[in-house]
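Step one of this worksheet: look at the structure below.
Letters A, B, C and D mark the chains as written, and numbering starts fresh at 1 in each.
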Amino acid sequence: MKLTRTIKYEADRVKGFGDEVRSVPGCEQLQSCIQCGTCSGVCPLSIYMDYSPRHVMALVRSDFKNEVLKSHTIWLCASCYHCTVECPRQIRITDIMYELKQRAIQEGIYPRHFTIPVLAKEFYKMVYRYGRVTENVLAATMFLKTNPMEAVKMWRLGLGLLLRGRFPLVLEKIKRRDELDRMMKVVDKMHIDQLHDDQKKPRHAVAGGHA
Amino acid sequence: MSNEWQPRIVAFFCNWCTYTAADLAGVSRLKYASNTRVIRLMCSGRVDPQFILDALAKGADAVLIGGCHPFDCHYAEGNYKCLRRFQLLKRMLADMGIEPERLRLEWISAAEGEKVKRVINEMTAAVRALGPLGIPQKFAEWDKEMEQFTAHVQAAEALKAPCAEHAPTQEPAHV
Amino acid sequence: MTTKYSYFPGCSLKGIGRAYEESLLPVFRALDVELEELEDWNCCGATAYMAVDEVKACVLASRNLAMAEKLGHKELLAPCSACYLVLNKTKHYLEDSPSVRGVIQKALAEVDMTYSGNTPVRHPLDVMINNVGLDAIKKRVVRPLTGLKVAPYYGCQIVRPYATFDDQHDPQTMDRLMEAIGCTVVHYPLKTRCCGASLTGTLPEPGLLCSKILLEEALKRGADVIATVCPLCQFNLDGYHHNIKKRWGDFRIPTVYFTQLMGLAFGLGERELGLHRGFIPMKPLPALAPAAVGT
Amino acid sequence: MDKPTNQNIRIGFYVCHCGSNIAAMVDCPAVAKYVETLPHVVLSRDYKYMCSDPGQELIQKDIAEHKLTRVVVASCSPLLHEHTFRGAVEAGGLNPFFFHMVNIREHDSWVHTDKAEATTKAKELAHAAIMRVAMHKALEVKRVPVHPDALVIGGGIAGIHAAMTLANAGKKVFLVEREPSIGGHMAKFDKTFPTLDCAACILTPKMSEAGSHPNITLLSYSEVTKLDGYVGNYTVTVKRKPRYIIEDKCTGCQECVANCVYKEAKFPDEFNEGLGKRKPVYIPFPQATPQVVVIDPKTCLNFRNGELTGKCKKSCVTACGEKQAIDFNQKETFLELKVGTVIVTTGFKAFDAKRMPQYGYGKFPNVFTALEIERLVNSSGPTGGHVVLRDGKTEPKSIGIIHCVGSRDKKTNRWCSRVCCMYSLKLAHLLKEHTGAEIYNFYIDMRTPGKGYEEFYDKLLEEGVHFIRGRVGEVTDWAMSKEEMEKGKLVIRVEDTLAGYVRRIPFDMVVLATGLEPQEDAQSIRRMLNMSCGTEGFFLERHPKLAPVSTFTEGIFLAGCCQGPRDIPDSVAQAGAAAEALVLIDKGYIEQEPNTAYILDDECCGCKSCIPLCPYTAITFDAAKKKAVINEALCKGCGTCVAGCPSGSIVQNLFDDEEIFSEIEGVLAHE
């Protein structure tokens, strides 16, 4: 039997993390959470989570940044917005989950070979390059980067899609891709700290930074 | 306190709703801009348009009136009378070149401490953006111009005087 | 008289969700509604993108919104639930958050675009019920789908978080629409439960379970077919039958787009409506067998 | 320093620290120093607590020693202590209206964060008061006699208790109740927490006592529709709804009910929350007070769409016989009452559970509200105390009680309804006692602050009732395939936040502990009585701590749930507020601010503009003198006519033009 100490010391907290999250548009209500558990109660995926959505709210509020960003919970959120709609304090939990995902990608502290963040990043890159997403290519890229064996297992689905004409063989792209490029550069230039508050790190160039 | 210019807002609050709401804001320790000076009246119906003009003339940059919501006036309909006068006065102030943001009427019930905070903060920001109204200074300028004009006319008269025996007598230029 | 809408298909409707577009366009045409596809539209910035950068997702969406506004039709139609949500969410951010608004406006200005927030984003289901109207739809029905038992499945993102055109807990628009074309609507308590969304592709276990619960309950309620409004829902419920069977058993029930059922009722052909693109085919209905074959 | 001095105007100024409430944000000595330089000020002090006895004595001493003729105190809100300081000034030998108060706490120190700014504001406000008080005139307090009779609106437990208190003290009371019987919500309850006394046993004696008390006029099935007059002297209009029974003649024998042409009761019974049935002629419940039946024209065969048709054979009339108590021609009547004080005890409305569709009330038959369960467990209820499902026969084996339904939720009601935790515990106990079922309570926080309440919670824990800390996500009727136990049940999905699991638990019966909210027509009552409401819609007390049962209108009092959710002991305690009405009645008069308006005869040009401005018809036109005249008794002192007079010939005491102009000048004088 392997025992682990579960106590938390003050040094384990990343002070200011909760406030930082709260300063993001859409996440302001976090502080008013009463830990009622409605979010977990309605979440269809809470049954697979390591921390329930309610628990995540408590962790964020108490500055347990590492625990939160490493959790599976944020990646299991399928953005169905059920929690957001039912929360008696009108906390936009889904938006907070998005914010946490962004931070995890930024800091690169998500489980290795974990497909969801890889998908998110590949999705981002594909849009960056072509302006649109071609799903089958995206899926293939994702599996190659994480678990090529899984891709092989999916042969049946791929073939089915191909036979049914749902597997485009050319990449979808937009014509004026330079427009998107220029728009994104504007966002990058404006630095995120102008958006939120001064202490926050710039969040631009994720595609470049982690690709 | 910073040395930058601070707007001065005179507020007329009715005793029953808005003044009580401002008390509630205090009891709830809400924080808002300190630029408003509240004068308590029994009812917004007591707000004589002259009070507003007087406040502006004496150096207020804006005037805020707070009364009970429609149907909720402690005196049945004083707030309507206030609204009527307010509408007329607003037009008049516009004719005088005073920006509409400088006069505001708000219905704030005794329970709306939060609204007192919001309205005062909004109004302070709006007036700060507009800058000083400065009517007393303008009065001073006009007085000065008048004096200069008078002096000018008198000087001209003095010059003309020796050869102006037949000129028609002039009224003194005092106003 | 023909009504015109701008039309934002979204990436899925060009790929796995082709059948949605294939059925959507003729059905609207049949109802005298013309859809004009945005020229050079880009990805809406959906779910996965939002996980990387929410502001950029909004910027992406805003380019589409700006182009729609320029196109001049009053409203923009977004059939994919994810696109519908992201476009609407961006509109909300533009209204509520001055900081996000600032970034978006700057980014748009860079490419000489503007968006004043005037083009509402609508879902085809909303337009069907509230603009076209059930009466007009009933008039167009040539082959009522009598006896077909449908489980109406709305999914999450068209009613949450912004319930703009239907009840958040018990939406009714599709129920009414299905009844109008002659179907029998079964009581389906899971009509807004999540299908597992993109998880099905990334973390099969939880994603597939979400889909399986939906399929199982539809079967238990005696449905012949599940009607959906979203390409991802359709794909999850229809495409993973084999994987679900391996884990939990056989829950075989076809999942089709609501527009495909409407098309059938309007007398359009199965192939024309993209019905052949589904993994689990619909059982031929006696009522429509003679006409459907051979078109 | 030369400043204008006037033998007659010698102002004393006091700035209060209020401990650190003011002093922490306002530099009080600096304010005092500034005011010292202002015209007419002969003395300026700062002091720790002006409202304390030494503070008040200081004012009195200074008046004598420094021959002060005016006093200004800068402290809290005048709504709180103006009265106190006027008293001090009067005790010092001055007219109490030679006083003005500056609010530098609620309007300054508590709401600002910059000490320099707050101090400047305090100086300017004080400056205004100094200028204003110089203009003050000696005034007399108006004394308005109080009519000795009282009105109680609402005959729930609070109203009954209030009426009884007054009546026992020998005052005449009108008790108005809109339902056919008094008793309110409490009459529907089975037992009361935490003592588990039978609600009926403690309430019904009180009801019948109130019904037969010589000093109480009970007006049931009636509504107050209008309140005219002024403080201490109200004319109340009461609408008496036709119950088609002559109250004096009915003996409550219920022969008419027994002989109604409907042999079976078939209409949903309001008192039993629709769980039982009644006939068109009925008595709401056995202990109803008054013991008088009522005929419901919506269901009675003798009516159609509220119109008398005479189509029924009227077996009830025959059964009533010589008593001749039934009168189908009864019409709505209006009664005028004269009262001096009003006690508002209009109670609450239970939250409509349908507004939480995720809990399935109205969709799943076996989801009940707590009030329905109160009736089900009641031995005089529709099932005789037999707890069964909606099918009328099956006993539930498992029951889930969901707390906070409609409460603590920004989308419905934000407040905690205060009673639900305790009544849920009580229902859990009673349900367990009646059915032996497995009982689960789903709560967010368990709130048991009351005498014996925590001990009651302990008892329930020991009884083996399950407690799950978690707000229920949804109640559904679908089962997971492998879970045999879920088949055909209502399934609650909830996070057990303490155990750390999301759980699905199947139940036969789900009970929703609905919260308390204001009555639907609370707004119209509020307007009629000129009261205020909090944001949530409950009536607002004058001060939450110091005047919890008074309103802003003298002589109108509040008690019970109309002021906010509370339980029975608190409601009854508050109804003792009636005692405050007693004080007023015994004193015989109400002191009123002398802020009425009057006409300057010499200046009035008789244009009559003011006459339509007055909502109280206090202004008339003296045709002989061709001048307007204000009736001081009718004037309520709003000042609307003053602002409207084109010739400036109306003056309002306490708020006359020169006082306000000098106040305006004062707030803007400082630079």
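We adopt the following convention: a contact is a pair of C-beta atoms (placed from the backbone, for glycine too) under 8 Å apart; a residue touches a chain by one contact, two chains touch by 3 or more.
Predicted model, so just to flag it, every value in this text is computed and none were measured.
The chain occupying the central position, as judged from C-alpha centroids, is D.
Across the two candidate interfaces, A-D and B-D, the one carrying more C-beta contacts is B-D.
Centroids of subunit A and subunit D (each the mean of its C-alpha atoms) stand 49 Å apart. Put simply, the C-alpha centre of subunit B and that of subunit D have 38 angstrom between them. One inter-chain figure worth recording: subunit B and subunit C are separated by 57 Å, centre to centre, where each centre is the mean of the chain's CA atoms. Each chain gets one centre point, the mean of its Cα atoms, and the points for subunit A and subunit C are 24 Å apart.
Residue numbers of subunit B whose C-beta contacts span two or more other chains: none are found.
In subunit D, the residues that touch at least two other chains are 358.
Those residues of subunit A in touch with two or more other chains are numbered 47.
Remark: the chains found to touch one another pair up as A-C, A-D, B-D, C-D.
Against subunit C, the residues of subunit A that register as touching in their complex are 25-26, 44-45, 47-48, 75-76, 78-82, 84-85, 92, 94-95, 98-99, 101-102, 105, 115-117, 119-121, 123-124, 127, 131-136, 139, 142, 156-157, 160-161, 164-168, 172, 174-176, 179-180, 182-187, 190, 192, 194-196, 203, 206-207. In the complex of the two chains, the subunit B residues touching subunit D come out as 1, 6, 8, 10, 15-17, 19-20, 22-23, 25-27, 29-32, 34, 37-43, 45-51, 54-55, 58-60, 71-72, 74-78, 81, 85, 109-112, 117. Contacts from subunit C toward subunit D in the complex involve residues 167, 169-170, 189-190, 213, 216-217, 220, 248. Across the complex, subunit D is touched by residues 34-43, 46-47, 52, 54-55, 86, 88-90 of subunit A. The residues of subunit D lying in touch with subunit B in their complex are 77-79, 103, 105-108, 110-114, 116-118, 120-121, 124-125, 128, 527, 530, 532-535, 540, 552, 595, 613, 615-616, 636-640, 642-644, 652, 655, 657, 660-661, 663-665, 667-668.
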